[in-house]
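Can you read through this structure? Questions will come right after.
Note that the chains are named A, B, C and D in the order they appear, and that numbering of residues resets to 1 at the start of each chain.
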Amino acid sequence: MKAEFQTRRQFASDNNSGICPEAFAALAEANRGHAPGYGNDPWTAKASDMIRDVFETKCEVFFVFNGTAANSLALASLCQSYHSILCHEHAHVETAECGAPEFYSNGSKVLLLSGKDGKIESKAIEGAVMKRTDVHYPKPRALSITQATEMGTIYSLDELHKVIDTGKRFGLRVHMDGARFANAVASLGVSPKEITWQAGVDVLCFGGTKNGMAVGEAVVFFDTELAKEFDYRCKQAGQLASKMRFLSASWVGMLQNDAWLRHARHANSMAKRLETALAGIPKLKISFPCETNGVFVRMPQAVIKGLYEKGWKFYTHVSPDDARLMCSWDTTEEDVDAFVADAKSLAEKL
Amino acid sequence: MKAEFQTRRQFASDNNSGICPEAFAALAEANRGHAPGYGNDPWTAKASDMIRDVFETKCEVFFVFNGTAANSLALASLCQSYHSILCHEHAHVETAECGAPEFYSNGSKVLLLSGKDGKIESKAIEGAVMKRTDVHYPKPRALSITQATEMGTIYSLDELHKVIDTGKRFGLRVHMDGARFANAVASLGVSPKEITWQAGVDVLCFGGTKNGMAVGEAVVFFDTELAKEFDYRCKQAGQLASKMRFLSASWVGMLQNDAWLRHARHANSMAKRLETALAGIPKLKISFPCETNGVFVRMPQAVIKGLYEKGWKFYTHVSPDDARLMCSWDTTEEDVDAFVADAKSLAEKL
Amino acid sequence: MKAEFQTRRQFASDNNSGICPEAFAALAEANRGHAPGYGNDPWTAKASDMIRDVFETKCEVFFVFNGTAANSLALASLCQSYHSILCHEHAHVETAECGAPEFYSNGSKVLLLSGKDGKIESKAIEGAVMKRTDVHYPKPRALSITQATEMGTIYSLDELHKVIDTGKRFGLRVHMDGARFANAVASLGVSPKEITWQAGVDVLCFGGTKNGMAVGEAVVFFDTELAKEFDYRCKQAGQLASKMRFLSASWVGMLQNDAWLRHARHANSMAKRLETALAGIPKLKISFPCETNGVFVRMPQAVIKGLYEKGWKFYTHVSPDDARLMCSWDTTEEDVDAFVADAKSLAEKL
Amino acid sequence: MKAEFQTRRQFASDNNSGICPEAFAALAEANRGHAPGYGNDPWTAKASDMIRDVFETKCEVFFVFNGTAANSLALASLCQSYHSILCHEHAHVETAECGAPEFYSNGSKVLLLSGKDGKIESKAIEGAVMKRTDVHYPKPRALSITQATEMGTIYSLDELHKVIDTGKRFGLRVHMDGARFANAVASLGVSPKEITWQAGVDVLCFGGTKNGMAVGEAVVFFDTELAKEFDYRCKQAGQLASKMRFLSASWVGMLQNDAWLRHARHANSMAKRLETALAGIPKLKISFPCETNGVFVRMPQAVIKGLYEKGWKFYTHVSPDDARLMCSWDTTEEDVDAFVADAKSLAEKL
């Protein structure tokens, strides 16, 4: 099987990359002797403390297996089945989780908001909440914000405050899907607390996998009252790892010496390099401002096909003409430049 | 943190042990370059093929994060919400999964059967099915068998046939909870197919974690019709790993050169050594025949407390006087002998 | 309390009217002596047979308490939790059931189709199904058609065939929300079988309440294989009446001598009278063709407020300027004419 | 169909009887003109006020279609999916609702307590709660008490206090299944408040159907905080009647002039008459003290079969030798005496 894995890095998804060295070393380090199961081990305690340090507050931390579960468990803890969840129409919880939020919450309806660049606008929240107040319409209860968004854009601190304040004004609890939270923090250059609890986020799904881990996301409750019995919820949903240390150890490895931010910054800068170069190619058009680790570029079909033929892997998103190019902790300048060269050569032939 | 991990091996649980060398090496090996997510990678294909080889049939294979999820997803695929699941009153799905089967199936009731040594008896199945046939009683639809059982015992080939034949006679679909399937195969000395599809098992949850992996169980459908759309079910339940190769690679490592069986045989033999020695100590009494990697021994409270004070870790099970001592791939003769020596010394002081 | 009930008939909803004489007489008739519970009574058998006669086929019939339950139970029997249900964006199952389909099905996502006059168009079905085929998108499994629609329009026989044929081509099972099925049949002048099983409908929720009963809808499975164990599903969902005869007897009363069609025809003709008269008033504008028992008319706010002040009761729908005026089995020409006179007088004052 | 309904009254179930005159008259009375749907009508307001008068407190009242739904909705409002519900092993929610509590609550496990005469004992509650406190065991959250019990027995005021106090001590919320609450009140001769909120009951499912109505139970929240958003829960579950007045009007009819208690007293006294007479027949043996409207009597199979052959209808319960004879608002002394005569004659022939 080796041959198949020795291909160059690709732009298909940041989850196509492997385990970064810091996370892998921590796995190896944690693999000594016996440790109690289900999170009662020193690595899990340490990782939780480190996350509290990162956010500079006494939040409650839970490690689960993947992002779909993290989001759905968090939303289920905010909602009853007859509530509704407001999110952007392109949010991952709506478009890429096969109804997981509805399943975990036993039927909470996901109500869709539109907004430019993948970002929710306050008036859309107001519209959805004020639309109706009768029992035939599931009562809005949670606002789900994706930071960074599925379009690779980010809410500025000001945008975030506006959106969350609107949600809070209507009694909504606030969930942040942070599958690429590291990229957002790295890009904004803020402290993590500023764009989470200080802005009014109640629970954050802090992504580890796309940042360089094998498996495992952290659900971080800033409103610790909401975290009550969340351990039972995880257990019942098959999201409590018996050998938990192998999830939490990676977090220790990643948080030490700010590896998580370093990797995110690297991925972001690779994306910027890619965007800058592609923007200069005639017939290609950048669709969304490149603010984190993804580049969305509109390409003629001939270019897309040509790139596929040359062995490049990436997905189109939103429309068949919109290529989504994701950079990762292990993307290199050579990868970027090789891709750009191929794209340029194909575009020039048109 | 190192100090805490450099303690000797314990008998608390086979999930307190770490990752065995074969699984770890495979993880390292898989950590090269990029690979497609969600199971579309060569390691997952290879692991699935290897499992098909192990069972000598064209079964369908899915990798999920843990045993609770594996069991619950499998049972949910056998049942509608108004069906019931028959299992032993000490089955893991009943006693240790916090209602996960009910949650995943949206309400399927778990009906309890009693039986000696943790094993279901045919007449108990018949009793539960024949008890009532009206719509006020959830219709029995699935029979869940644990092999090896929670008491460390195993169904002989003959016992298995009897129990499954009874279930089939009443139209039940058959699930096998094989969290310790490896230990059962190693102990019985049969080929895996004999105690699964040839005996009538429709779906097996084949345990990897307790056998020496970090995370990941295989759900193996022998009735491939039942596997239809199971990938959607996994995805919706937050059980589809994005970096799937890190689950499946361990399986490749474990199945190569029969490491899975070698580890199971080792754990079984350590348990046998432990049982034999403990049986010779006055005032201790073996509760169940030691057939796999667990020893259940009734001890005076003073012995239990004394062992705890000496730093030994283990749980009591069923009653506070029944110590459950689990051996693992990394249990050594020295661990066993040291434990026995302490137990003996304590018992003799009474 | 009498005074409050002696107000004139209103146009708020066809469920604001009482029990029609035929249904009430049947209730009284059924109220003799003892009868077995849970549907094992002669009235239920008789009502089921009469429904089979109406549809001229061997369908399976179940009586449940209301329309929300009927629709949700039917859809849950067509779908697994990871499936999706396609319906018009203004369908009752989407807009007026507080997430009941998602709750009953344990998370099936409702995907919205747009289309003129409240009717689904084939290309919208194709769009939703072809959009994606990966496991991250809940697999389309059911097509829900409302006949008559929430806008009071109806699918012609030809339109119905086109829409259903498209659904079937993509493997969708077909549910018909027939809360106002009687009005549709009366308006189209077809035999019930033509717009149900002969057109490909798998399960119909045949509305009784809006037609003149106190409580109770019939779920009619034309694909009888799908009806398997539906009785268990009803029971578990709290939808199996113990004194079932009081639901089914009304059906006997309504189906005898075609009272159901007579009442529907009457309500339809009252709506037609209302539409014709309102269409002649300047500044009012009919929004949708009046094909059954509802009139949708765009009115200046001053007219709407004026009518409310005069004591008329009705709702606005879709927008605050769109009055929805529902006629019922007991609407009289005098009611209609009095309303029209008030509307005219208010409009002329503008 | 008339012939089939002109059979004599039977002892099969109190839900086999029809609508009592007071409830029927109220239905007829409510069937005038139009009324707003979904409970916004004067009958529903009136019935709710009357129930508040009955309990002499400001409770919150909701009307739903049947007892299964009432119990399940109430329990779901007390529990999250990972909680457990404690009830007697013969409770209706366990034995006769096809997993409805698990379905409505999305997986709350029902834990069974044993106890004499169908009544829970405090030590059983303590046992279930204290058994385990880890996340692998669903956290006990609700205690469900049936008053009168499925065996026709009743908790005395003292017994009730003991059981509820124990539950409260462990933080359990208290649900009372009062399908035959009227019979319990009538038998105990207490005021309704004494055996409900004054004893610590948080929510009561107050049965109407078995007391003489066509359909409809009242869910009465004494802890009004728990009633928050219960209207949404009912709506989503298909338990919000559009023509609600036809449920609530019956309650008005029944509560006026204490018809509900008069009927319950009558049914109780018929059961007492039956018990007294049967107790005097050799070879028959009363199984449980007759405290409400059911008589449980152990009979030789020949007697049971003989009674069936003579056309009597009743069920056996718990065992095939235990006849359950239910009296109802319409049971007459002649019915009782005729049954007794037949039983006596059959028993004497043995």
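Note that in this section a contact is a pair of C-beta atoms (placed from the backbone, for glycine too) under 8 Å apart; a residue touches a chain by one contact, two chains touch by 3 or more.
Not measured: the values here are computed from a predicted model.
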Quick note, more Cb pairs in contact for C-D or A-C? It is C-D
The chain whose C-alpha centroid lies farthest from that of subunit D is chain A
Distance in whole angstrom between the CA centres of subunit B and subunit C is 51
Rounded to the nearest Å, the gap between Cα centres of subunit A and subunit C is 42
Per the C-alpha centroid definition, the whole-Å distance linking subunit C and subunit D comes out as 33
Expected list for subunit D, residues touching two or more other chains, is 81-82, 97-100, 103-104, 106-107, 135-136, 138, 232, 235-236, 240
Per the touch rule, the subunit C residues reaching subunit D in their complex are 1-2, 4-10, 12-13, 15-19, 24, 27-28, 30-37, 42-43, 46, 64-70, 72-73, 97-100, 103-104, 106, 209-210, 214-215, 232, 235-243, 246-247, 313, 330
In the complex, the residues of subunit D that touch subunit A are 38, 80-83, 106-107, 135-136, 138-139, 229, 231-236, 240
Subunit A contacts subunit C in the complex at 81-82, 84, 95-100, 102-104, 106-110, 135-138
